[in-house]
Amino acid sequence: MNKADYKGVYVFVEQRDGQIQSVALELLGKARVLADKLGENVVAFYPGYKNAESAKELIAWGADKVVLIDAPELKDYITEQYSQAMSQAIDHYKPSIVLLGATTIGRDLGPRLASRLETGLTADCTGLDISEDRDLMMTRPAFGGNLMATILCSEHRPQMSTVRPGVMQKGTRDASRVGEIENFTPSFDPSKFKVKLVKAVKEEKGKIDITEAKILVSGGRGVANSEGFAKLQALADVVGGVVSSSRAMVDAGVMPHEVQVGQTGKTVRPDLYMACGISGAIQHLAGMEESDFIVAINKDKFAPIFGVADVGIVGDVHKIVPMLTEKLSKLMAAKK
Amino acid sequence: MNIIVCVKQVPDTTAVKIDPVKHTLIREGVPSIMNPDDKGGLELALELKDKVGAKVTVITMGPPQADLVLREALAMGADRAILLTDRAFAGADTLATSNALAGALKVLDYDLVITGRQAIDGDTAQVGPEMAEHLGLPQVSYVVDCEYNGENKFTVKKETEDGYEILEVEGPALFTVLASGYKARYMNVALIVDAFDKEVEIWPASKLDISPEKLGLKGSPTKVMKAFTKETKPAGQLYELEPEQAVDVIIEKLKEKFII
Amino acid sequence: MDFELTKPQKLFQQMIREFSEKEVKPIAAQVDETEEFPRENVKKLAALGVLGIPTPKEFGGAGGDHVMYTIAVEELSRVCATTGVIVSAHTSLCEDAILDNGTPEQKAKYLPKLASGEWIGAFGLTEPNAGTDASAQQTMAVADGDDYILNGTKIFITNAGEADLYVIATMTDKSKGNKGITTFIVEASTPGFSIGKKEHKMGIRGSATCELIFENCRVPKANMLGPLGGGFAIAMKTLDGGRIGIAAQALGIAQGAMDETVKYCKERKQFGRSLSQFQNTQFQLADLQTKIEAARYLVRAAAWKKDRGMPYSADAAMAKLFAAETAMEMTTKAVQFHGGYGYTREYPVERMMRDAKITEIYEGTSEVQRMVIAAKLFKK
């Protein structure tokens, strides 16, 4: 393998039902920064079916070129179909860097591809930069979140990395940008298609994406039970926020996994994060410490959560939260 | 049906604390546990065993002490346990780890391979899919439910960000399982009593069907350049007040920040 | 000499501790409040083999040992003393009694049902006029053809009503005193057997404690446990084993109260410091933890001796005496450390204090334990 043959920062653009996912635009934003440092191009791999129309959108968000892979096999995401298309495209274009979103799709496809291409993959990166040797420096949390490791893949190409939604910043959309759209047609081997999608179900049931919320009222062990969480919900209702949870309360079955903040849950960066009865285990901090403003309420003065809080209140959430809810609701009513 | 479940012994990261002065990890006294997603995967295997009959083999790669998670698996109901332990495995990244495990699987019979989605000490979710590729198996990750339909066909439920997918899979296949989908059973007392009388097979690298260059540090395309503890932002102000005053402080601060 | 638990014992401890934390602790307060027998959890324990730990595999047991059994009772009682005593009475007083004294037929018939937890077991010795003086039995058993006919009343019987099988002490020949006592295995479905009044207790409120009533209750001779007139010896031996279980229960209560107190003392602040920073707290808790650890060694040593067929009667008495008094002291102090909160049901320590008291009373009061220990001292 000659490293010099591999050029360009490529982004796997994830679409669902033809809808380009936000994480892809975030990756284009980061790819732009990396490519400019290298003096190379940003290229979007855009697999899907009848997705040509939206391809130019990727140019507006920073791509110099879009490799459009339009095939009926790629209508829905299935590991093998996408792996065949993507591995052939990578073999053909020889990218230096491939970035994928750390979604259920990217985290399924990424390792499959890395294994097929016999290269390295670094998961859930929070920092990406270019070294003096023009290698990709991939920084990710390890050991539950507090230890950070910077990882290199200097002897293999492409250098692959996944990044969680919400971690990188989108660039600025510029509809006047010009770029090239090129078609790539993979040759599929259907004998290897052993998985069939029977149905994809979207679950509504009041499922709110905590990564989108501007205000999160989050509860931990100190909240104790669903009655405790009802108090947090009342507060969230008053301030227009959403209730989230620490891992402890998810493990205890009190809260569902989709509202879990932290290393094994979701990374959030709301304008306000209110940590109620959360001690602040490192894997929790890893998921929320980038929040703009953090208020923590905890009985234990030495709780690690106070280390990241802008305002720390030593006290009982069961007393303070209802009192705060009442005062705030009066305040809000007065405003109107 | 032969089912192989890959498990990992991990430090209980919820018990890891940070030295507030030195900003280093305090690993002392942190218990080692079976990785939760792997335990969920083992539960899936054992439920299939209960329902349709299966031989469940557990396999782990790790130091000799990792024997303990295999004993735990036996006490939950696994039939056979294999420990891959060799200096040649040291320093493996996910690809080299997947090479070793796939190398072991190549000399075993299986109809279904199960791994956890990810391990709590690394959270990469890579070893399962990487193994599936080496073995040429179809994979489904994020599995929360699974039905066996006979003739090597499975119907699985995969969790996604906004719901779930139902997939039909023709085995042999590899599934990566979420702990939330399978509440693991407790160990059984009679099986605990027997667990240490059973054999845990110790396999060195030479027993695997894999070239030594693909193992350990040598077989790892990624290398750690540096590790460091995160810089935490300076702590804010701590208030020890009566609830009424505390509430006023919060409201005042939220006003300052124009949040309300 | 080895003070370490064996590998299986350690693995078992990991399992039962996790079970106690996840399944038992969350409902402990409710069980106490409602006085409801925790049937669901008993079923779950049965399915895991916890109701037949020391029973050999050939009789459907787990083939474990009594050290493991004490670990089970300790860990369960650490979060819920009710659950602890249910397992203890079932295992020590019924299952072990049949295992140690039963005929091959009795063992084959009853042990698999008890070990699997399909049946719950209980033991009936105490009567209104036969408490500490157990020899004053008034429940009569009179031979009649192939049967014995039982008449009389037992009181304060743990697991009564919930149990399917009872080991019952009766008087078969009053003239012979202790030597006139005979034990029988009585199935709950036997005509003439019924459950009387249920007690409302200070502690271990979820455990069923009732009266047993025998009215011309016909029990086959084949169900005589041990020889005719051998019942007193069987009852005393059975209680020796039971005391290990109760000692483990007391130990668990003490450790549970310590856990709660340590947690509270770290959180609670007075005069600008957490309680844990006061030397008074540190010294008192250090002394108590020393006693708890000593109790643990006594409990495990007694169980270890029983497992090896060594005499352990005095060891069991010492373990129970010391563990029970430690539990009482620890829980009383735990409430004191918690102050006003400790007196409320918001915290579990007041329940633990109520639960602890019974360990100084049942299966031989602390005074009886002292008698047993002193008897051994002066026998030489």
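Lettered A, B and C in written order, each chain numbered from 1.
The rule is short, and it goes like this: a contact is a pair of C-beta atoms (placed from the backbone, for glycine too) under 8 Å apart; a residue touches a chain by one contact, two chains touch by 3 or more.
The model shown is predicted, which means the values in this text are computed figures rather than measured ones.
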Could you say which chain's mean Cα position falls nearest to the mean Cα position of the entire protein shown? B
Starting from the Cα centroid of chain C, hunt down the chain whose centroid lies farthest away. A
Hey, which pair has more contacts between C-betas, B-C or A-C? B-C
Rounded to the nearest Å, the gap separating the Cα centres of chain A and chain B is 21
For chain B versus chain C, what separation do you get between their C-alpha means, in angstrom? 40
Averaging only over C-alpha atoms, locate the centres of chain A and chain C and give their separation in whole Å. 54
Residues of chain A that touch two or more other chains: which are they? 301
Residue ranges of chain B touching at least 2 other chains are 240
Which residue numbers or ranges of chain C touch two or more of the other chains? 269
Residue ranges of chain B in contact with chain A within the complex: 11, 13-14, 16-18, 20, 25, 93-95, 98, 118, 120-134, 136, 138-142, 155, 158-170, 173, 180, 220-230, 232-233, 235-241, 243-244, 246-251, 253-254, 257, 259-260
Across the complex, what residues on chain A touch chain C? 299-301
In their shared complex, at which residues does chain C touch chain B? 7-8, 11-12, 14-15, 18-19, 48-50, 52-53, 57, 61-64, 68, 269
Interface with chain B, chain A side, in the complex: residues 79-80, 83, 103-104, 107-108, 110-112, 114-116, 118-124, 137, 141-156, 192, 194-203, 207, 215, 239, 247-248, 257, 263-264, 271-272, 281-283, 289, 292-295, 297, 301, 304, 306-316, 319-320, 323-324, 327-328, 331-332
Can you name the residues of chain B that touch chain C in the complex? 68, 71-72, 75, 186-190, 192-196, 240
